[in-house]
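First chain A sits with chain B, and in the next complex the same chain sits with chain C.
And now, the complex of A and B:
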């Protein structure tokens, strides 16, 4: 496999795991805008253990997952008292604190970053992304997943039904943080270098966008969102010059005299698509209705009037 | 015999506003009790106090002789009480059967149940059977938000029943239903009552109250003004005054407006 595609697949796998990390709290009704913070904890845990202690990748990834999970659980207790926009701000602030601590730590390389001796081939993140996907589908199909989705819809009624709302929220947040840590660890070992700028606020915003635009009602949403937004810029890399030639052709200009399009145009198109999605599919691209329509089970069982025969 | 539910000298204040003022009544086991009164009388507040959504300011709530005043709302379902809501509060993104299974939560607390896929659980088969036995003709996997109003109201009652309650609190079950649907609802509730569930119903539709309930409690401005047989509620002067205003209490001719 070419290095280009191996790189794309690694990034895609890391982004899918990262998207699921954000999806699990979002499916419980909590927007997490601190994704990069948890990813940074995982990445630096793996980087430090690989560089300074010399642990193998298996153990550094495990440690990255556990460390971020513990941080998520510890943060969830106080932070989940806040709701709505305050929760978003609190998670955002947390990520800034993590970045600040790393930046000022000499052990972790500060602004210089750290190189990571352990390297993983592209198939390691891919296999783990597959495993995480299966795990999230399983989790959403259990009673715990039912409670998560119920809290998302109405936490007051969930409580009256006997759901432990607070515990469910804390566990969901911690599982999400642990997955973000795993994504961070994989990132560190894929690029064999970590620096704090790689975990900035834009990273948190993008991953939340993957999830919200992909759809939060089913576990299909994050994988669709992450794949779309990871592969779209690559697709545009090839497609944009052709588009430019065509547009100039329509305007009657000679394409050869103009510079090829700037990199930033890819993000312009990305922004346009984001706005269009928000306008036409505000609940995300993959909704429960969409999944039902394509599921053979519902098509076979349903009689035309929708009643059980 | 101890009543299944007893409200003893309960008051509820929101700051200086006294919403419930020293109300006491009891709900006999296996009975069908109505809680009625004009708008703003405090009926739904009483429900919120019983289910633990609000804390009482003073007084005691007893369920089957046990003081549940300090029991957190989450744990009250397991003690045998369940409720429906004035505005349907089903989970819109969950399917019919998932909503009913959520109602089973108080019986399914535990790690094994939490981690078992819903489709593999015997509780799913139970929920489907319960929907079927109540004659709700929908596909269990339909998402709730796509269903008609009357059916959603029934599903909410089934969800409440899924916890196997001894006491079922129904907040305006007939609101928004047409006469045919209301008649079907009365049958539906009778069936539930015959299975041994005690009903406490907040309702404005007096024909439903008379055809369903034998015992009525009337509230007005947070005070109890009547507690007795449903058959005589429209003869009570205080009730007439509450509904029709002062000066009408003596006019028997207007009694029909209440009844």
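And now, the complex of A and C:
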């Protein structure tokens, strides 16, 4: 396997785990715009334990997951009192505070960043991403997952029906944070270098977009969204220059003399896809209907006249 | 005396935050829509103003424009783009789902527009910061021992005047009554004869104009524009809006000034690296203690997203 593909697979695996981290709170109806904060906690925990204490990768990843999970749980208790826009802003503020603390910390390298001695091969993130995917599918199939979906659809009715809304939200938020920490730890060990600029607000926005565009109704959504948007830039990296040469060829110009297209076009495209998806398919690409259509169990779920139960 | 000088400069910075915070608070207070394109509208006015005063109109239609004219075109531009965003986010949702306030959809769409506009500007002008050649910012007046820069003073007065004008309009004019009616209950307002199709674009125009004016003021006073200038100012303005209370004009004024005060005082006492902790830490604490902010109502922004 070439280094190029190993790198892409690693980042893909990290992004899938990160997307599931955001998906679990979103599946209970909580938009988390502070994903980068939890990822930073995980990444810096792993980096610090690896560099200063010299623990092995297994333990640093475990510690990263637990640390971010504890931080998420501790934050969730007070923060989930807030709702709607306030929750989004509170998570956003939390991520900014985390970045600020790291920036001012001498032991964590401040603005200089930190190099991480432990290195993992590409298959480690891939295996973990597979495990996380299976775990989230299992979680969504349990009673707890059913509670999460019920709260997403209507929290007042769920409360009346005896679902412990507060507890479910807090646990979902903490699981999400822990997964973000795991993604951060893997990020640190894959790139063997962390700096606080890598965990800025735009990262939180991107990962939230991956999840929302992939679809939040089923656990298929995040994996589809994260894969599509991680692989799209790589595809565009090869495709955009060719497109430019073709357009210039049609216009009758010599393509050899012009600059290759700006990297920013990728983000413009992400924006355009976001706007179009929100207008035409706001539930995301993978919906429950779509999964039903391709599932062999779907007929059992339908009533004889063809309407879905 | 130095501390007093700092207070004056935080008032100047605060006026920019206030203007952007009002742009945010209008769309969220009236339409329950957290519009993430506002930071880019702020940036767009300044960058378009810079481009016109540096190069002139595109396709060689004119030479470099005078800077006040260029900035005016920039503000008009951000107002127009704001209307475009309304068409493509808020109105689409309204037509397809009959209701655009209950969903996170417009918010996510506006994140999409944030990416589109910012990166298009980056493609057009590059991502480097550019120097805006406005009036002489060093022109100072000595008022009672405090040195005040004249352009800053003018900006402060301009922003104060437009804020007061907005407050007056919301309170006394027919459009203002319509806006407040929609904020309270869109359906009832519609039944009682408020034309939401006319009023909603006005909200977007107003918020585009406030963001644009702030961008122009920033370009003049700090003499520098860049495609990413909106990110920092925009997020601080959001912090100010939340501290003041969502949906309240005077809350946005107080919150914006407060954030600037926290920022300048943090720089004064602890250095520039701790701004993030100070501003966002105080916001986080406030959200946990008093989520509705200093002047806000309890109901706004609590809708399901």
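In this text, the second predicted complex is superposed on the first by the 292 of 309 C-alpha atoms of A that agree within 3 Å, B and C clash if a C-alpha of one lies under 4 Å from a C-alpha of the other, contacts with A are read in each partner's own complex, and residues count from 1 in each chain.
In this section, a residue touches a chain if its C-beta (ideal position, glycine included) is under 8 Å from a C-beta of that chain, and two chains touch if they have at least 3 such contacts.
All values reported here derive from a predicted model rather than from experimental measurement.
Student: Based on the shared chain A superposition, would you classify chain B and chain C as clashing or fitting together?
Tutor: Superposition check on chain A shows chain B and chain C fit without a clash.
Student: Look at A:281 in the shared chain and tell me whether it touches chain B only, chain C only, both, or neither; answer first, second, both or neither.
Tutor: neither
Student: May I ask you to decide whether A:86 touches chain B, chain C, both, or neither, giving the answer as first, second, both or neither?
Tutor: Only chain C is touched by A:86; chain B is not.
Student: Who does A:31 touch here: chain B (first), chain C (second), both, or neither?
Tutor: Touch partner of A:31: chain C, not chain B.
Student: So, does A:217 touch the first partner chain B, the second partner chain C, both, or neither?
Tutor: Only chain B; A:217 stays clear of chain C.
Student: On chain A, which partner touches more residues: chain B or chain C?
Tutor: If we count touched residues of chain A for both partners, the winner is C.
Student: Answer with first, second, both or neither: which of chain B and chain C does A:292 touch in the superposed model?
Tutor: First partner only, chain B.
Student: If you take every C-alpha pair with one atom in chain B and one in chain C, what is the shortest distance in Å after superposing?
Tutor: Closest C-alpha pair between chain B and chain C: 15 Å.
Student: Provide the residue numbers of chain A that touch chain B in the complex, in ascending order.
Tutor: Going by the criterion above, the answer is residues 138, 141-147, 149-150, 152-154, 156-165, 217, 288-289, 292, 297-298, 301-302, 306-308.
Student: Can you name the residues of chain B that touch chain A in the complex?
Tutor: Contact set of chain B toward chain A: 51-53, 73-78, 83, 85, 89, 91-94, 98, 101-103, 105-106, 108-109, 113-119, 121, 132, 137-143, 159, 163.
Student: For chain A, which residues count as touching chain C in their complex?
Tutor: Within the complex, chain A contacts chain C at residues 29, 31, 78-79, 81-90, 92-94, 96-97, 99-101, 103-104, 110-111, 201-202, 205, 208-209, 212, 262, 264-265, 267-268, 270-275, 278-279, 282.
Student: Please give the residue numbers of chain C that touch chain A in the complex, ascending.
Tutor: Residues 28, 32, 34, 88-89, 92-93, 96-97, 103-109, 111-116, 118-120, 122-123, 127, 231, 235, 238-239, 242, 246, 273-277, 279-281, 283-284, 287-288, 291, 301-305.
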